[in-house]
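Okay, structure first, notes after.
Going in written order, the chains are labelled A, B and C, and every chain counts its residues from 1.
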Amino acid sequence: MTALLEVRSLGIRFGGLQAVDSFHCRLNQGEIGGIIGPNGAGKTTIFNMLTGIYPPTAGEIFFRGENLVGRPIHGFTEHGIARTFQNIRLFKELSALDNIKIARHMKVKYGFFPGLFRTEAVSRRENELEEECLSILERLSLAQYARHKASGLPYGVQRRLEIARALATSPELLLLDEPAAGMNPQEVDQLSKTILWIRDEFKVTILLIEHHMQLVMGVCDHVTVVSFGKLLAEGKPDEVKVNPVVVEAYLGKGGKF
Amino acid sequence: MEHFLQLLIFGVQLGVIYALIAMGYTMVYGIIRLINFAHGDLVMIGAFTAYFAARVPGVGFVPALLAAMLLPAVLSVLIERLAYRPLRGRPRLSVLITAIGVSIFLENLPRVIPFIGPNYRSFPKLIEFREFPLYGSAIVNSIQITNVIASALLLSVMVGIVRFTKSGRAMRAVSFNKDAAALMGIDVDRTISITFFIGAALAGAGGVLYSLTYPMIDILMGVWLGTKAFVAAVLGGIGSLPGAVLGGLLMGIVEVFATALYSELGYGAGFIVLILVLLFRPEGLMGKPTIEKV
Amino acid sequence: MKERNANAGIRRYAPMIGVAAAVVVFYLAIEYLRQARVLTPYYVQILMFGLLNCMVTLGLNLINGITGQFSIGQAGFVAVGAYSSAAVTTLLFEFNKLPATLQPLVFLFAVCVGGFAAGVFGYLIGRPSLRVKGDYLAIVTLGFGEIIRSLIRYIEAVGGPRGLPGIPQYAGVRGGGLAWVLFFFTLTVWFLRNYIYSFRGRACVSCREDELAAETMGVNTTTYKVQAFIVGAVTAGAAGALQAHIIGFIHPDQFSYVRSTDFLVYLYAGGVGTMSGAIIGAMSLTIVLEILRFLADWRLIIYGVVLVLMMLYQPNGICSGKEFPFLIPKLKAAAKSSKAGVTGR
């Protein structure tokens, strides 16, 4: 069975700095993978390469058997990779609903001139779209915020909306960049359940970056540890947790999770 | 070859003027990220100040030049205080529209001032016109020499201020990061005022030198002169002081050579060069590229 | 069943029919006032120029307000439209010798050519220009506008630096030109409204809000930025074509960057990002500037001061982000859609 995502010896160099070096990982359909590592380890840089934002200077990104390296950012999305950002990047001045509508961009198709005349068919499609988007919001219990401006929503809701927006592109692979940042333990607990639910409900494979060990250990099938741009260890959460190299990188010698 | 040299001299003569004016654009842009549309009109005000100053008996080139630098400088500080400062922190486009408003005001105000009015006036000969043979048939005249020396002097003084004085250091700090500079105890408002003052003084000087070269002045002279100097600033990399000089010289030279080829081409040629440069170096010749952090 | 469909059709088109009827009534009212000599041709012409300014400003709003780019070279596109359409009616056809039945067709063709040519320039300029951003984009568009003007001065066939006289005044104020101008204005408003509230328009808005996030949502931001440039240019070109056939004389200096900044001022004074703002800004400033003509030289001085005061005390423009409801297409589910619409800031 070929993996959904297979990354081979991925590397990027910014001038003299090798930010990420020969990173690799493999994710099967329906799995949840985690990338952990200390601050500045290059985790977000890896995400940026996996979504086309930074073109890697070495390596390949195979997604459903196809190498995506060299494609534009929207090309990655077209192939079925969606993401959230560490520091929420919603379309702040727009309503939650319009945020979702923009994410459905690839799913709406009508000609330029029918669009100008707003023909019957266009109108119908726009009405359908409105319903689709409202139902996406509803599934993530965001329906009540549909007409609210994104920037005015509470922090936690914004995070959820960003996930909803990523899901609205109908991805196969969802990348979550620190989804639990700024949440309290109860919220993190809830988030774990949500992530598992999203995987089953939307039939997506998930790769996430996280600092909350509890979350990572609870939901991930597979964990990759990076430090200073290098891959330190990989494996099942339980294996990684007791790996002395990892413990040392995180807590120094003699530390314990 | 001689023809080429002659054109080059004309180009440099024009280029140093553009450089002086471009410097003000670049300084103001560097410090508050504003395309100061009113800057060109300060050039015109400088030229007219010198025009009237020279009527006073005994006032020669240097006093007239100083007067032409002082008035626009004071005016510019006033404009910043009244029109731009209250808008700090607002969307940059609001400030830009304000600058357009100020520019419309400055272009039209002299029209109703009885002793100025909309007509062309011939600029007094503040420098005695003499020609010196240079190489073959190429000649250089006293006005060209004055232009180059005066602008070299003024630019050096200005670079000296920015490099070596406390205000200059404050200027660099504010243009780098306004908030951090304020936290370090720098008086941001005062620094911005100084920047406007110096920039406008150079614009006024540019206006005088331009009027020596083309001794017909009118109240709209600043519009095109300002535009071309702005293009020069962008060409060199806006925010960069050496860039403004390089851009100014390049603009002047390109314009003169293009005009020699076909008279209607002179004006557009500078823009063509600008666009070609920006397409390959979007930050201008000596500007710093910006990197977006994700 | 059939009947219900017909009813739905009527309900669907009712607002459009209503607007069209309103435009016709407006036209007839103005014509009546003109016949009754309440309105002199001079006033009607101001109205026509106001509508043309609205068209250009609406196009500029798509580029600057909706897509978040920064173009200040709109006058260049107006020039392309004016000159290319004038070339059709003066060089290609001998307009005044055409049979009266053919004239409207040829005129329509000329306006289309004007819009199309401007659109081509919009593409040629937009495509490379979008490599630079923000203020740099502004100066590049300004530069292109001025280059276009330089080029026109270079082309002897259209009069070069002397300008082009003798264009048939087919849309002139005496020939019922108001009808043509109103027609194209209404078309512009309708098309742009439909464009902004289509998936393309939303893609443009996403470029304005956050280009990177837009890309990760699968929006090819380059495509939509260029498209906005083209659509904005076509609108300006059509307005230019009309202008040429109202006055009958065009000159390169009518299209300098000073004219471009006029449109910018209209847009920001009215309220950037909304069509209502573009229309109200362009119309009110055009009219106010005409009313103030008695002030002679004081007019522009006051204009400058008012502009500065406006930015100080009403920075969001006259409309401050509100859109007329009829400029937002109705959706079935959107019973209580927000007033600001997708473009509100």
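Methods note: contacts are C-beta pairs under 8 Å (C-beta built on N, C-alpha and C of every residue); 3 or more make two chains touch, one makes a residue touch a chain.
Small disclaimer: the values here were computed from a predicted structure and weren't measured.
> Nearest chain to the global Cα centroid?
C
> Report the chain whose mean Cα position is at the greatest distance from that of subunit A.
B
> Measure off the straight-line distance from the CA centroid of subunit A to the CA centroid of subunit B, and report it in whole Å.
50
> Measuring centre to centre with CA averages, how many angstrom lie between subunit B and subunit C?
34
> With chain centres taken as the means of their Cα atoms, state the distance from subunit A to subunit C in Å.
Chain centres of subunit A and subunit C, defined by C-alpha means, are spaced 41 Å apart.
> Do you know which subunit A residues sit against two or more other chains?
53, 85
> When you check subunit B against every other chain, which residues touch at least two of them?
Touching at least two other chains: 294.
> Among the residues of subunit C, pick out those that touch two or more other chains and give their numbers.
Answer for subunit C, listing residues that touch two or more other chains: 212.
> Report the residues of subunit A in contact with subunit C in the complex, numbered from low to high.
Touch list, subunit A to subunit C: 51-53, 72-74, 76-78, 82-83, 85, 89-95, 98, 101-106, 108, 110, 112, 115-118, 120, 122-123, 126-127, 129-131, 134, 147, 165, 169.
> What does subunit C use to touch subunit A in their complex?
For this pair, the touching residues of subunit C are 12, 191, 194-195, 197-200, 202-203, 205-206, 209-210, 212-221, 329, 331-334, 336-338, 342, 344-345.
> Any idea which subunit C residues touch subunit B in the complex?
Touching subunit B from subunit C are residues 70, 128-129, 131-133, 135-136, 138-140, 142-144, 146-147, 149-151, 153-154, 160-161, 212, 257-258, 261, 264-265, 268-269, 272, 297-301, 303-308, 310-312, 315.
> Which residues of subunit B touch subunit C in their complex?
Spelled out, the residues of subunit B in touch with subunit C are 29, 33, 35, 37, 83, 86-87, 90-91, 93-95, 97-98, 100-109, 111-112, 118, 223, 227, 230-231, 234, 238, 262, 264-265, 267-268, 271-272, 274-275, 278-279, 282-284, 292, 294.
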